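What follows is a single structure, and I will ask about it in a moment.
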């Protein structure tokens, strides 16, 4: 059975000018121990998708669809059962560790309370385990770290503390929301390596939200690309890099700077990202898509599954060869072809 | 330096969305304030009684056609005293706010313009004044200036200046460092001209907001001084004084005078604080 | 920490010194000569007047008089009241207990009603929240002196539950006599404190670390106590402190209203009678107490917020 299964999850947020749709039917599944990357631009709904799992979406949001955790719908759980799920089955690592820890309490409090208050372990046991966990995420001076207040530690140190707390309960599922974005570039890879190793050691499944396609490719088994509140493509990193099937994925890949060649000018995706609530019929990406045809503006594409991957594009079949090839095939992108030569 | 950074930021116009800023409660408060003001101005048209004269033979009368709200311990018409009392209460608070705003703005501009030692000196003086509880400062000022409406008004203004000056000083200092002010200075305009023409209009919104907020406090504090016998002196009609004078009557079972005057103060202060709060833009509980 | 306290105490001493000079000069500049009050309109011979002036040192130059007075203050001699001829220091000492009890009582009321009501309103929301908001709006607009008169009217005159005058003796007597004055004194401050506590709690509720703690399965009770209330108490401490410090002077109004024999009432009477020896002494005392209370708040704040470092050099 899948650890996590999202089935047509929709989220609407009431605002002054009527409801705003942020998720327009997200479906995905995660096998035990699997890592799934959720990639997209800001506002594409990737973080919101994550938040529906632990029901930490903004107050007032209306969520429909099913979020199955080990086959049980978390959206219908009572308060006590939900708390048990939060304490034991699923943990979340958020973007900014500085905001995640109470600024006026010591790190030891943060670590111990997750074990003691949430899971009912004894104080001594919780403290002993907390120290052990800190050592395992590569913190050398455990005593000092335990006695520190958050403002006395660096962002990288804090995120290690958060990771230590997250793996403490050996949850079946780890939700990571851009866990390295707020860190210095030098500590990003370090923290990511620690997170990846801890995850593998404990055999946890992970839903990894990031805007960094490369990073997701490095640590995830599969990648789901999101655009305007829906998933447009799911595939393994290898498949995605070798032959993207959705135009948006192709353009995302092209807009990364190449490591091997110096770019004169980085290609950008034309137009601006569309928010989910701005989509009115047709393909959400049509307005920015170089390959769009009149029918793309009219007909709404469905997520079509095919040989272990899925694509949401009306022209996926006809464009397959073109998108898989070098960026040379990009219509109207002649200027960009030189760039990556 | 680009033309854009040199252009003077437009003073935020507020006329158009004033109603929206105030909200329904704010508009109601504005109506209350207008009503009190009109009543104070038109007091002689509303009642023919002299607020300061009464007949002891008519003391403690209940409401009647002759005395709509009854009479006090000296047989004076309570309605007339409330109406004329509104005059001293409003006028006094207005003068306090005006003086405190002017003094505060002056200190702020001087501190901002000269900076360095002058600013440090102004800062120290403000610190020193903040070492005194607000009411103590007012009482000491009364000790120097003497009792009476005018004296108490000046005394309160002295007690309020530190507060207005502190707020305005920080705003003025920020404004002083902006490119357009420095550019004006480079053009050779005098400090006075730049301060008045450029800095003052930009701290004006804060002056007005501060005035609206302080008005309610000033009414309470002025009434408190009168209540203590340090402000308005009898037989002048004043709400604070009426609460005080009504105390003896109250102990004899005639609470009308104190209660009526007190209610007037509460309503007026509540109205002013609602307006001040709305104009200030930060409603309690909301983040920017 | 110790260095911080010592430095602040030094600053307070300097403030007191300058304040004493300001107050003394203000009284010197005030219209109406002390001797005209002393003779109280009686016709006295120039010789008597001269002897009075000599007795009180009124003919000395200003700075000499200030110096003499300051020297007296430092040795505990606050001078002699012009009206009663009593020693100001002992007069003051006899008045302090009433004011002390009154302000302590009011401070307790502010903390209990202001903080507790505000915290519950912020945590619970709903009808209780609306009630607290409404109550604090009204409480804020009611001036202390009017609250005093109203309470007196309802609970003393009409219901007869509490005595009208006097400060009472013994603990029970004091509580009985000082309840209405303390309530009147605490009311506006409690209203402000309740409002700010509520805002702080609501804001803290929305903090990310609170939702993180909940998402980790920490029970709501624990989150409310450890994360919401504890953090909300930081701004609340400051505002409670400021309001308690202000009671020092605000007590004057209540003491006057209830004819209590406190320090504040003494200040009012001496101002009216131009008994400047007493005014100076009371003013200095109030500034000192005000300063000490504010210092205590700052220390307390640093104790409960680990991010604040006392020392001044580092931010």
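Note that the chains take the letters A, B and C in the order they are written out, and that residue 1 is the start of every chain.
The rule is simple: a residue touches a chain if its C-beta (ideal position, glycine included) is under 8 Å from a C-beta of that chain, and two chains touch if they have at least 3 such contacts.
None of the values given here were measured: they were computed from a predicted structure.
Visitor: Quick one: do these chains touch in a line, a ring, a star, all-to-all (complete), or other?
Guide: Contact pattern: an open line, chains touching in sequence.
Visitor: Max contacts between which two chains?
Guide: B-C
Visitor: So, what's the distance in Å between the C-alpha centres of chain B and chain A?
Guide: Centre separation, chain A to chain B: 56 Å.
Visitor: Please report how many Å separate the Cα centroid of chain B from that of chain C, as a whole number.
Guide: The computed centroid separation for chain B versus chain C comes out at 23 Å.
Visitor: Counting only residues that touch at least 2 other chains, which ones in chain A make the list?
Guide: Chain A, residues with two or more chain partners: not present.
Visitor: If we count contacts the way the header does, which residues on chain C are in touch with chain B in the complex?
Guide: Listed in rising order, the residues of chain C that touch chain B are 15, 18-19, 22-23, 26-27, 29-32, 137-138, 140-146, 149-150, 152-153, 157, 164, 195-196, 198-199, 202-203, 245-246, 248-250, 252-253, 256-257, 267-268, 271-272, 274, 276, 279, 283, 286-287, 290-291.
Visitor: Taking the complex as given, what residues does chain C use to touch chain A?
Guide: So the residues of chain C in touch with chain A come to 207-209, 211-219, 222, 226-227, 230-231, 234, 304-307.
Visitor: Could you please specify the touching residues of chain B with respect to chain C in the complex?
Guide: Interface residues on chain B, with respect to chain C: 127-128, 131-136, 139-144, 146-147, 216, 220, 223-224, 227-230, 240, 243-244, 246-247, 250-251, 253, 255, 258-259, 262, 265-267, 269-270, 273, 284-285, 287.
Visitor: Within the complex, which stretch of chain A touches chain C?
Guide: Touching chain C from chain A are residues 54, 56, 83-88, 91-92, 94, 96, 99-105, 109, 113-114, 117-119, 149, 151, 165.
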